[in-house]
Every structure is written in structure tokens, then in C-alpha cells.
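Next up: some structures, all given as C-alpha cells.
Common to both upcoming complexes is chain A, partnered first by chain B, then by chain C.
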Partner chain A sequence: MTTTTTAQAEVAAAGTTYVPLSPGAERIGRALDWVIVAATVLVLTGAFHLHFMLTAGDWDFWLDWKDREYWIVLSPVMAITFCGAVHYILWQHFRLPFGATLCVTLLVVAEWIVRYVGWHGWSHYPINLLTPAYFYPGALALDAILLLSGSWVVAGILGGSLFGFLFFPGNWAWLAAYHVPVEVNGIVMTLADYIGYENIRTGTPEYIRIIERGTLRTFGQHSAPVSAAFAAFLCTLVYWMWWFIGKWFSNVKYITSKGL
Partner chain B sequence: MKNLFNRLFTIISASAVLAGFAAQPAFAHGEKAQEPFLRMRTVQWIDVAVTKTNLAVNDETVITGKVHFMTNEHWPHSAAKPELAFLNVSAAGPVMVRKASFVNGVNMVNSAKFDLGADYAFEIRLKASWPGKWHVHPMINVKDAGPLVGPGTWVEVTGSHADFKDEMKTLTGETVNLETYGTENNVKWHVIWGLIAVAWLLWWLAKPLFHSRYAKVKAELGDTLITGGDRMVSAVVLVVALGLTYYGYSAAEARYPVTLPLQSATATIPHSPSLVEGVKLVLDRATYRVPGRAMEMDVSITNTSSKPFRVGEFNTAGVRFLNPEVGVMDELTKQYPSYLLAEKGLTVSDNTPIQPGETRKLHLVAQDAAWEVERLSSLIYDPDSRFGGVLYMYDTDGKRLITEVGGTLVPTFAGT
Partner chain C sequence: MSSVASKGLGGTAAKSEARGLSYYLQDLKWLILSVVGMTAFYSFVIWYQRSFGHLYGMDSHSPEFDQYWMKWLNTELILEPVLAVIVWSAVWFTRPRNEVASAVAPRVEIRRYFTFVMWLVIYTYAVYWGASFFAEQDGAWHQVVTRDTSFTPSHIMIFYLSFPVYVIIGVASVIYAMTRLPMYRENGVSIAHILAIVGPFMILPNIGLNEWGHAFWFMEELFSAPLHWGFVVLGWTGLALGGVAMQIVQRVNMLLPQVSD
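Here is the complex of A and B:
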């Protein structure tokens, strides 16, 4: 006598060739899950942190680089890259929608470790100068929209846009405090500027962070929303591009005997 | 074979342990590694002094001096001109914090344009933050040319960093500790968002992940893996992400109604009187004798001042070659870092005073181990084989006159 499982019923309904796993295989599969999770965490943390430091670099690193033009555009655009690729892998192969949140969480953990141990512990820079930005608001929204829509196109348009657009207001919660003005020997600076000035950086002179040179400042002194809107647009495109990079990385190609 | 392997393993292990014991902290910042042409032909540091070299945490010290930008004739073609440059400090990080800096009295929190051939007086105020022995240099960062490091001085700081105070009053009336300001709030927001993210991840990690899901997805049953509960949680996460972002932004705007964008101005520095006066110099020939660590210069010097003078010093890349016959061991010189001071390093063929209007040919020899120790001797391997520096002349009243010297350089090797 045989019993019909829910999975088998689903298979029958779908007319596919799915064979449910035995309880033993399920247990082994679950154990393997944790091996894969551990390996993924290590590889993803290292790779994404390296990628982000090489691309967003100083803009994300220092308090006095978090400006209202480049930082707002550059950081989310460089961060949504891995999110798009991991989204493809986890969603297309496993129907798991947490790729973006996983990526940005691992990135921020790596950033805190490097900055706290290396730059604060060994080099004595204050933590407030080194605090990394986070991408949680946009990543959570992106994950949720992928699941709710089930579409990478919709995820790119809505989720990608939110990833870029929520970055600045999400971080302003802690960053605003450093944009309070101070007077330094007759010159007005923000606290962020002065904290950066005080803490000597031999290889990061003041002139290379003179970044606000464009004409965005003519937008009624509201450059940040304009930059955020631009970041939202770019994030959509970059998300789609990296979705396909994820596809390229996660598909197995076989060489046929004819090709040998 | 096994015996050999064991021996090798023991030797390597023991060496590694011994190397660990023998390792010393690194204090320098690679200043000697900079190409000689950059150190000799860009800026010359004059009268650099540090007011206090033994400090307790919270004490302040001031680096003062003058910096002469070499004229276009000597400034290397491969280095960008100082169209935008910044008065900086080379130190082991923020072991001393910079409270203020000035060039010709102008606040140098910003960068500025500097002119070739001009002289600038600078002042850098530093406050001791971390105990230790630190090597501190004045430095000019030139955009597209990089850092140009001045002479370094050892500064010893005692006490505990726990006692360090660094407060400032904002224009909105709040007094803040710059060392810790806002850190608690930064961590709070990271933790709040991090907990939400972890909760979202745990929702999924609690389910079977890869093995069984992969099989279902490949059987085109992937959509059956998403439950009503998953959709509900996703909707909640989306609302929380949007709501918390709005709340955080609004709360920050309410708490800090007055904020400015990061500042990006540049400074304008007025000219100060030129240090280069009263002397006209023509370089006839210069050689660097490798085995003798000596630079020899044949020069024609014309006294265009009103008083007789003698050649007292050759200064390049922060190394000072003094002519002992002239005797310029003043207070500033006595305090100068000894490893950059060649007290008997300059020999002049004729030390009798050069009279006003007189032109005299002289043979100068600047000789000292500093050429090797400061890695300036490698200038003979530079692609353009040129050198630069300044000569100090002292008149009968003790007044100092300065002139640039520089040009092509021919190396002479052993046996030539």
C-alpha cells in the first residue's frame, strides 16, 4: 500500500518528474544546507567587501566623504551589483528572496570588523569618522518586492529604484548630526569636515575630497533628492545587468562528446 | 628524507618564532622611499621648528617654518605644478590631532594654489592624543604630484589616551566631544536595521534551503515553495523598511534642523616677501661622486646686495650641509633633527667674503653619509639626472640671503 504525499500530489497536478526526497535525504540535505551557508557567507563577505572597497572606496569609508552628490549615487549603485547576482542565483534556483539583505548584511559586518579592528584599534581613528553607511532599507524592500512580484523586471524597476532612493534618507538618521555647522578660525565647516581635518590622513589630503563642483546646488539647495533619484534610475539598470552576471556565474555548461 | 624534512621544519619554525620576538614597531612612513628628484626639486623646507617635543596627552605643540617652492626652471616636468595643494602633516595617523594650520596667516583647512618661486610661512598646531614616540613631518600634498614631505621630528607623548579631551562648540550652541560625538547614535541605527535584516534572514534560514528547494524548482514547482506566510512577512518587511526610513529621516531633521553640506572651498594666500634676494648664481657644473658620497658644484656667485657675504649652507630635501667656517649654529639649527644635519658637510673653495657687485667662481663640496642614509644618492638613477636645492649666504651683519641652485648632474664612479 502506498501513501500519497502533498509533494507527490503537487507533482501529479503539475505533470512533472519531481521525486520527493526521503526523510533521510531531507536530513542530509538540511545538514548540507549549513555547509553551503557557511561557505557562502565566507566567500560572499570577502568578495563583496573587496568589490565595494575598490569601487565605492573612500566615499563610503570616511565621514567627511559622505557628500550629497557622489556618495549618494556611487554607493548604492556599487552595492546593488552583488545583490542582483545573488538574487538570480537564490531566486531562480531555490526560490529564496533574501539575496540582497544577505549581501548588504555581510558587507556591513565586514566593514565594521575592518574599521573597528584595523582603523580604530590599530590606527586610532575615531569610530565616528569610520562609520560605514548601510543599505538595509533598500535591500529589504528589494527582497520583498522580488518575492511579492515574482518578477526580476518588477524587482529591478521598483526594488532597484527603492534601493537607490532609500539609501540617503535611511542613513540621514545618523549622518545628520555631523552636518551641524561649526566655526573654525573664521571659516564655517560641518562637524564632519572638521573631524576629518583633525584626524591626520597622510594620503588623503583635503583637495581630493573637494567633490561638490557641479551645478546640482542650483536645485533649490536640495541636491540630495536629485542625486537619490539619479541613483534610483541607475540602480535599476545595474540590478538587471548583474542579474545576468548571476545567471552567467550559476549555470553549468557541459561539453558534448562531439565537441571533444 | 624524513629526517631532512623534520630538520627543515624545525629550522623554519624556530626562525619564525625568533622573527616574532625580534620584530620592532615601524615608525617611519616611507619618506626616504620618495624619489630624490621630488624631494630636491619641488619644495625646500626652511627654518622648520617644533615648539615642544615632550608632551603629555592634551598638550599642544606647534610646527613652524617656511617653505620655498622651486622656480619653474627646477620644478620637475613629471610632477604637476601646485595649482591645488594642501598643507598636511605626515604622522602615524591621528596620534596627534590637528587643531589648526595656517599659511601666511591664512586658515588652511582648505587647499590653495601655491606659486612657483614663492615662499610661504606655515604654522601647524597639533594636540597630543595617543601616548608614544611619533615621527612628525610637515608636508605639502600637491594635486596630481602627491605628498612632498618635510623634515621629521621625534615627538614623545606621555599619559593615557583615556584622558584625551577634544571638545568643540557648534554654531547651534551645543558642545560636543569630537572623539565620540554621534557614535552611540550611529551604532543604535546600525543595530536596529541589522536586527530587522537578521530576522528576515532567519525567517528563510529556518526552512529547508538548497537541496529540496532546488529539486522542486527544477521540476517547475518553484512557486509552490512560496507560502502565504512568506508573502505576509514580505509585505510587513516592505512596510517596515519604508516606515522606519521615513521615521529616521524625519527624526533627524527635527533633531538637527540646521545642517550644511560638506564644505569644498579653496583658500587664497597672499604673497609674502621673497626669501630669495641679493644673490645671483650660475651653475657651471655639478657632479656626484658615488664612492665619496659627495656632490661637487662649480658655481659663479654674484653679490647683488649691499654687504659682503659668505656661503654658509647647502639645503636640499631637508638635509642641511653646513659650512663650519661660517658658523651658522643658531638656536633653530641646534634644535634641527640631527640625522638631517651635516654640521661639517659643506666645503667652500674660498671662504673670504664676496664683495657687493663681485662675481666669484667657487667650488662647493657637499659631503656626508646623509646622501646615502636619506637615499638621495639614488638621484643618479633618475630619468632626467638633475638636482635642486638652496644655498644660504650670510652677510657681515649675520643676515641670511638665499638663492636657488640646481641643474644637470653628472655621476662619477670609482676609478673615473
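Here is the complex of A and C:
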């Protein structure tokens, strides 16, 4: 039986000659891969974390900010940005389909480090007030759909929608316990609210807590699914936009020094 | 096997290879030393913040603040330009002279790409500390202390220490690339590389907007406020390292068939 690798088949289809590398050259290539991976992981961690903390961070920092209106929309929409850009770079150039899962993993690791060492270690907030959100179900779905479809359009429509839709149910398992009602001095509130009230935040007084505004509480029990649907819609558009931002940033063009 | 030196790698590489380390990894020790050193230094910084932040960093008008925090800041502002001149000069003056870019041996060129990517690893590790750890930790400070100065114990470490450190390393990587790598010497300036260095560099002057805004509008710390979005947009340029990676991979793929080990 003749066996050919995908690379060999692609080279043959292009009408060129396939030249196998020597074992030594292959070792060099693999070693270089690992050094590039280290730089990639570190820059993604820094850039994505900075982006996320300064666009949706307040809803991610605090347990009592994880509401049914803003958190469910802002968090996935701001998180799918880098997922789209990294999808372009990893999928188009290297046929690696795990860009979204990689991004959200690096984000949550970076968040846990600073939540524990920084927020808890320096300012002594309880760690359950600081638990970050998770994006794994949506990210896995987005990666899987890109892998199966091979299309950024399909990945945006189906994967992007699932990224938005699955964010709230993906976090509900750990968050639900903090949304049980408690009575404190004759006032009913959620346990999350109570933990928030008990830990004074000088920098975030109550008047800038942006949660559940407008007429949301007259809408009964379907507020969260409606927010998730809106997030799904936005995630599709933002994914497509950031796919092309990834394309633009990963260009291999040069300019002459005179052009500077 | 012919000697490494005979192929233009020089004595240092030959000694590294003699110790069992492949010629292209001869600078790995510097990478490890840099990462360990940076980790140790920033761990000390975190300890210093924990020890003297709330103790002497609450009132910028107190003499203790001057002693424990402003002296640190002034030291940074003196040492960082000196460090920049030393690092950039070292990279510049050790460049190969009278070398024709197209005549560089493949093994030499491959080794330089490894060294270049190691520069980028150190750069991105410094970016991690500034953009990820110290940036979010700044929120931890502002949630418990209302600022009365731009030079808080948190800002002194993030804005005026961790940011300049990655700028120094990033610019050094540009000098290295422009003086050693035939790909850049022949083709010109890599747009992706310049974006990946200049974008995060511009976060440093963007501090002016941030501090002006906090002094002008509000003293609370809403992280998602538009005032902070300058940092966000400039941080996106980190993605341009994807383009740099593409350039390196393309070039090394051309070189690999020309070497056997």
C-alpha cells in the first residue's frame, strides 16, 4: 500500500517536488516550533488579558456584577475577539483548530494568577468574590465547528452563536449557588449581592455598578436567555470582524526604511 | 562532521556544541537566565508592594511615602535610560561587520533566528508582567485606596517599571533583527515586527491620557471606562507577532533543506 502524507499530497498536487528533510533538520524545525510557541503563549496571555480586563473586566472581577443583562452580553462579545483573530492565524497558516480554546485557557490562567496573588493577596478580597467567568463550552464548540466546516463564515454563524449562547449556561453550575435569595436585616437580596455589600470597594461605589438597569426586572424570568441570544448575534459579527483583524495583523509585508 | 567554526559559527558556538548543546540553542542559557531573573525581580517587587504599599503608600504627602516610594520611582527613572543605552548599544556594537546578507551560511542564519525568537520570548514575558499581572493588580490597589497622586505604589511598578522594561527588550529585538537577519536586511522593515514593538511601546505615552483623565474626570476605578481603551487598542498590536512568526517560519523552511543537522 502506498502511503503519502498530506504535505506530500499537497506538494504533488501543486506540481512541485517533495524533498524530505534530514532528521537533523527536522529536529531544528521542531525546536524552533517550541520557542515560537513560548512567545505566542506569552504574548496572547498579555494582550488578550489586557483587552478583556479593560473592556469587560468589571463584570468579570466581581461576583455581584455577574448579572442577567450586561455580563452575559459583554463577556462573550469581548472574549470572541481574540478567538477570531487567533483562529485566522492558527487555522489559515498552520491548520491548527484550537485557537479559541487556547485563548480562553490563557485568559483564565492569567486571571486566576492575579486574582489570587493580586486581589486576594494584596487587597484581601475573598476569592469567591473574584472568581472569573469560563468560556470553555463556547470555545470548544467554536473550534469544533471551524474544524468540521473549515469555513470562517460557518464558524462565525454557528460557532460564534454557540460561543455567545453557551456562556451563561456554561457558568451557571458554579454561579447558581450565589444567586439564592437571602434575607439580611429584613431586605431580600442574592448571596452574591450580600458578599459584595460586605466587602467595601472604594474604587467601585454603588452608583457606578452597571447591572440590571432599565426595565429588566419587569420582564420576568427570561432575561438571561434574551441576553444570551443578543450575545450570540453580536458574537457572530465580532468573530467575522476579528478574523480579518487577525489577517491584517499577521501580514508578512515589508516597507523600506525610507517608508518610515 | 565538519567543525562548526569552519561554517562560520565562531568559537562560542563551537564550545556550546562541544558541551552537547546544539549550535542553534547556544543562547538558550541567556533565555533561561533572563526568565529566571525577571521572575525573581518581579517577585521581589510584589513582596515590596505587599510590605510597604498599605504601610507607607496611602498618603503621597507623607515623608514615608517620599522615602519608600518616590525614591524607588526616581531610581527607576535614572536606571531605565541607562539600561536602555547599555542593552541597545550591546546589541548594536556586536553586530557583524562587513557581512554580505546573501552570503550568510544557512547554519549561521538558522542560529540567529533561534536567538531572535528567544529575544521575542523575553519580550513577551516582560509584556505578560506589564499587561497582564501588574495591569489587573492595579485594580486591586484602586479598589481599596482612593488615589491622591499619579505615582501610586501600583503605578510606580506597572507604568514606570514593567512598561519601560518591555520597551527596552522590544527595541533590542528590532536592532537585533535589522543587523543580523538577512531576511530583514534584504527586504526592509517588517511591518508586523514594528507593529508588535511600537504598539505596546505606545502604551507608555498613553499613560499621559490615563493620568490626565483620572485627574480630570474621576478617581474611581471603572476598568471598562473608555478612558482605558487606548491601552486596549495598542495592546491588540501584540497579535502582529503572528506575522513575525510567519516570516520566520517561511524563511527557516527555505533554509532547512540546506542543512543536515
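We adopt the following convention: the second predicted complex is superposed on the first by the 227 of 260 C-alpha atoms of A that agree within 3 Å, B and C clash if a C-alpha of one lies under 4 Å from a C-alpha of the other, contacts with A are read in each partner's own complex, and residues count from 1 in each chain.
Just so we're on the same page, a residue touches a chain if its C-beta (ideal position, glycine included) is under 8 Å from a C-beta of that chain, and two chains touch if they have at least 3 such contacts.
Keep in mind it's a predicted model, so treat the numbers as computed, not measured.
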{"item": "Touching partner for A:S161 - first (chain B), second (chain C), both, neither", "value": "neither"}
{"item": "Touching partner for A:G24 - first (chain B), second (chain C), both, neither", "value": "second"}
{"item": "Partner chain(s) touched by A:S227 [first = chain B, second = chain C, both, neither]", "value": "neither"}
{"item": "First (chain B), second (chain C), both or neither touched by A:P205", "value": "both"}
{"item": "Touching partner for A:A39 - first (chain B), second (chain C), both, neither", "value": "second"}
{"item": "Partner chain in contact with A:S75 - chain B first, chain C second, else both or neither", "value": "neither"}
{"item": "Which of chain B and chain C A:H93 touches, first, second, both or neither", "value": "both"}
{"item": "Contacts of A:N251 with chain B and chain C, given as first, second, both or neither", "value": "second"}
{"item": "Broader residue contact with chain A after superposition on the shared chain, chain B or chain C", "value": "B"}
{"item": "First, second, both or neither for A:N128, with chain B first and chain C second", "value": "first"}
{"item": "Residues of chain A contacting chain B in one complex and chain C in the other", "value": "19, 21, 25-26, 28-29, 32, 36, 93, 123, 125, 200-203, 205, 208"}
{"item": "Complex interface listing, chain B residues touching chain A", "value": "29, 84-86, 88-100, 107, 109-111, 129-130, 139, 141, 143, 147, 161, 166, 168-172, 174, 176, 178-183, 185-186, 188-190, 193-194, 196-198, 200-201, 204-205, 208-217, 219-226, 230-231, 234-235, 237-238, 240-242, 244-246, 248-249, 251-253, 255-256, 258-266"}
{"item": "In the complex with chain B, residue positions of chain A that touch it", "value": "7, 10-11, 14, 16-19, 21, 25-26, 28-30, 32-33, 36-37, 64-68, 92-98, 101-102, 104-105, 108, 112, 123-128, 131, 134, 136-141, 143-145, 147-148, 150, 162, 166, 169-170, 172-195, 197-203, 205-213, 217, 223"}
{"item": "Residue ranges of chain C touching chain A (in the complex, touch as defined)", "value": "22, 24-25, 46, 49-50, 53, 110, 113-114, 117-118, 120-121, 123-125, 127-128, 130-133, 135-137, 139-146, 184, 187-192, 194-196, 220-224, 228-229, 231-232, 235-243, 245-250, 252-253, 256-257, 259-261"}
{"item": "Complex interface listing, chain A residues touching chain C", "value": "19, 21-22, 24-29, 31-32, 35-36, 38-40, 42-47, 49-51, 53-59, 61, 74, 82, 85-86, 89, 93, 110-111, 113-114, 117-119, 121-123, 125, 200-205, 208, 245-246, 249-257, 259-260"}
